[in-house]
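When the chains are written out, they are named A, B, C and D in that same order, and each has its own residue count from 1.
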Amino acid sequence: MLDEARLMALKQEVFEANLALPKAGLVKLTWGNVSVIDRELGVIVIKPSGVAYAEMRAEDMVVTDLDGIPIGSGLAPSSDLATHVVLYQEFAEIGAVVHTHSKWAVAWAQAKRDIPAYGTTHADAFYGRVPCTRELTNEEICTDYERETGNVIAKTFTERGLDPSAIPGVIVSSHGPFTWGKTAAKAVEHSLILETVADMAFQSEQLDHNLSMIPDYLLDKHYYRKHGENAYYGQR
Amino acid sequence: MLDEARLMALKQEVFEANLALPKAGLVKLTWGNVSVIDRELGVIVIKPSGVAYAEMRAEDMVVTDLDGIPIGSGLAPSSDLATHVVLYQEFAEIGAVVHTHSKWAVAWAQAKRDIPAYGTTHADAFYGRVPCTRELTNEEICTDYERETGNVIAKTFTERGLDPSAIPGVIVSSHGPFTWGKTAAKAVEHSLILETVADMAFQSEQLDHNLSMIPDYLLDKHYYRKHGENAYYGQR
Amino acid sequence: MLDEARLMALKQEVFEANLALPKAGLVKLTWGNVSVIDRELGVIVIKPSGVAYAEMRAEDMVVTDLDGIPIGSGLAPSSDLATHVVLYQEFAEIGAVVHTHSKWAVAWAQAKRDIPAYGTTHADAFYGRVPCTRELTNEEICTDYERETGNVIAKTFTERGLDPSAIPGVIVSSHGPFTWGKTAAKAVEHSLILETVADMAFQSEQLDHNLSMIPDYLLDKHYYRKHGENAYYGQR
Amino acid sequence: MLDEARLMALKQEVFEANLALPKAGLVKLTWGNVSVIDRELGVIVIKPSGVAYAEMRAEDMVVTDLDGIPIGSGLAPSSDLATHVVLYQEFAEIGAVVHTHSKWAVAWAQAKRDIPAYGTTHADAFYGRVPCTRELTNEEICTDYERETGNVIAKTFTERGLDPSAIPGVIVSSHGPFTWGKTAAKAVEHSLILETVADMAFQSEQLDHNLSMIPDYLLDKHYYRKHGENAYYGQR
């Protein structure tokens, strides 16, 4: 039997993270979803599909097993659930996933371009360019679209040798951003940072159409100032 | 005699949809109008002309017959009424019309360009590019401007073989957007989506000046994920 | 002796119009000012110089004679007063003047370009392009800067044969917008419209770098739909 | 022994200035910091590192000596403290420093370009272009990054012969803006102005890709209208 108190806490976490998205200007209408995984408990908790934020309650969050099969009766889960499931399977260290259609990240996704690291705001959170996946093929789209979206994200990281802990987000070609983190709050924060650096990178390119990435030593400095055992940002 | 309760409900629907426009950032000053049609009752209900949103009351909404002739005394209807009337006559399946001067849609209208489908945000709501009408001729403008605006919209859909249910909006050359839907709320939602995809498409073009539309299979996938009998987005 | 009640009403009008500017996003810090003239009473009432909006009270508004000489004791008037005085002298039909540093109008002013009429949003309020003045000379700036700013605005209208009633605003080269109207509320509304059409025109040019102005018959249609004896917009 | 009342007033000043940053849209998450110096008291007071604005209290502000060594127990100071310390040492007349990652200033910093003075909004606060520092070297970044950031700012002013009182801000290459002023409120105001003129200059360049700076006499006029002994803006 599931631990009800723990489950309710997960629902509350997912609920609050979903509400944080429109509040931060990252989501309009119902264009976003957050999930968390509890690997010990064997569950994923995700936003229901197409429910207005204003009407959503914590108890409406949908519980599934680790394969995305809903447990018990309840609302239908977000149609992007299968993408989240694949990300949890492929990225063992993550605890939450966020998907939005935030404007600047989508602009880069539609242009099918990686977001280059042009400054320290980027380097503080993403250890290198935010990758844009290749486009899905007709076959991938027609067979199991949402699962294949997850697969193409995972392949992007594998093929390029990227570490999902150091680059906690991606933009899916012609679609939009997915981010992740240890907790729902962290995954939401990564969505906000991704959107902000997508915006800043866009503007910088307008000012200089031949702009180069920052040097590796500046990327290293800022990333490791905030992450890893020698980090010295924040309270210890 | 008209059914007063039903009429009051229509006025309330139109009133609330009008107020939703400035709240969503789609309308400044008095630059917008919403109408609904009740084909059974034989009436159109529309915002009065040039009345400030802050002072407008539900009972101020103007009732006309299906030709746009005001019924009873009351305020003068929106000066764009004749455009709404033509759209209701030409597009049998729609129940509401919205007109705004929202920034990004106007930017494309002024550039006299269709809004290309560059991503899934667009494909989720518009099954193909959002058309921009041809410019009205001097004669059309001087004779019956608002009616001819409706005619040029209808012709755009006929001549290009477009389905107004699948593409619930248009931009009128040098002017701005009109959207529609089964209900006032849906028509307003389409205005918001049109504005958002106009914005995203603009930014993507700045990132790649030779951008191509998304392939048909991705357009199909996203449109039919949300619409038609095989839709699986949202609660069933 | 001045009519105190009438004077207090003028102060209240100026006070409220000044507060409307930051509320509409047209002014940051203390970068704006509104004045009204009462030609019968022989007074101009204007915002005091450099006073924070949050601390300003209606009674702080400064009263001057028609030459801009302060009447009675009180705060120092806006440093732009002399520009307002010239506009009242040169444009006999206006009753209020507004100056801001709103972003999009300033962007055009800094580029020293007229704002072209690219659509109906523009034509509804400005009967043709919004002119950008020539740059002030070194001598004009060093002798009587604010007065010469008014003079260069007036000359722009005279030399180009423009009617300040039909084009209720201007952008001063390298500086920013001035608008006017019969009342303070109307002058503020013109500032908001000028800012909006400056924004829209900017974006449309990014979509088409060789964009043309709308044809005269569309300009005529929209302007005269709202203005003059054959206007039919709004309530009669 | 330190004067506790005076110290508490400094903490309150720093606390309020920090809160003003997200309120003015200049800071997201924890991406900003404000400090003040009291040279007589021999202390610097600065925001703690990585603490959320919503949870921060005035008493959490961190007190250090003039070398940036924390006095007493308490939270860890902002990781940018060493930059502030250098600025206080090099710019004897300043009383407060602000650092943000505001969008438009960062866009120019990432493009490694000075912000040109294109209009009076700029000239009112910055007496000439806002300089962008050279990039830090690998060695500077690896040895004492935050201190070297301060050094490269100071060198930029020395080598170019700039007066930090007349140009109260800088953008650090690939990073973002630092501003300063006599008080924390003034330094925050300079951050807001820097962000605004960075935005306006960006847009003006899009309208004219070969734009020139304003002439010196207009720069002089506007700067000295607000600053120095002949200033006549505001209340005397």
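Convention: a residue touches a chain if its C-beta (ideal position, glycine included) is under 8 Å from a C-beta of that chain, and two chains touch if they have at least 3 such contacts.
If you're wondering where the values come from, they're calculated on a predicted model, not measured in any experiment.
Visitor: Quick check on subunit A against subunit B: do more than half of the interface residue numbers occur in both copies, making it same, or fewer, making it different?
Guide: different
Visitor: What is the distance, in whole Å, between the centres of subunit B and subunit D, each centre taken as the mean of its C-alpha atoms?
Guide: Those two chain centres are 47 Å apart.
Visitor: How many angstrom between the C-alpha centroids of subunit D and subunit A?
Guide: Chain centroid spacing, subunit A to subunit D, equals 33 Å.
Visitor: Two or more other chains in contact with one residue: find those residues in subunit C.
Guide: Expected reply: 206.
Visitor: Please list, in label order, each pair of chains that touches.
Guide: Between chains, contact exists in these pairs: A-B, A-D, B-C, C-D.
Visitor: Within the complex, which stretch of subunit A touches subunit B?
Guide: So the residues of subunit A touching subunit B come out as 28-29, 31, 48-51, 75-76, 79, 101, 103-104, 106-113, 135-136, 138, 141-142, 145, 174-176, 202, 205-206.
Visitor: Under the touch definition given earlier, write down the residues of subunit A that touch subunit D in their complex.
Guide: Touching subunit D: residues 118-121, 189, 192-193, 196, 199-201, 203-204, 206-208, 211, 214-215, 217-218, 221, 225, 232-236 of subunit A.
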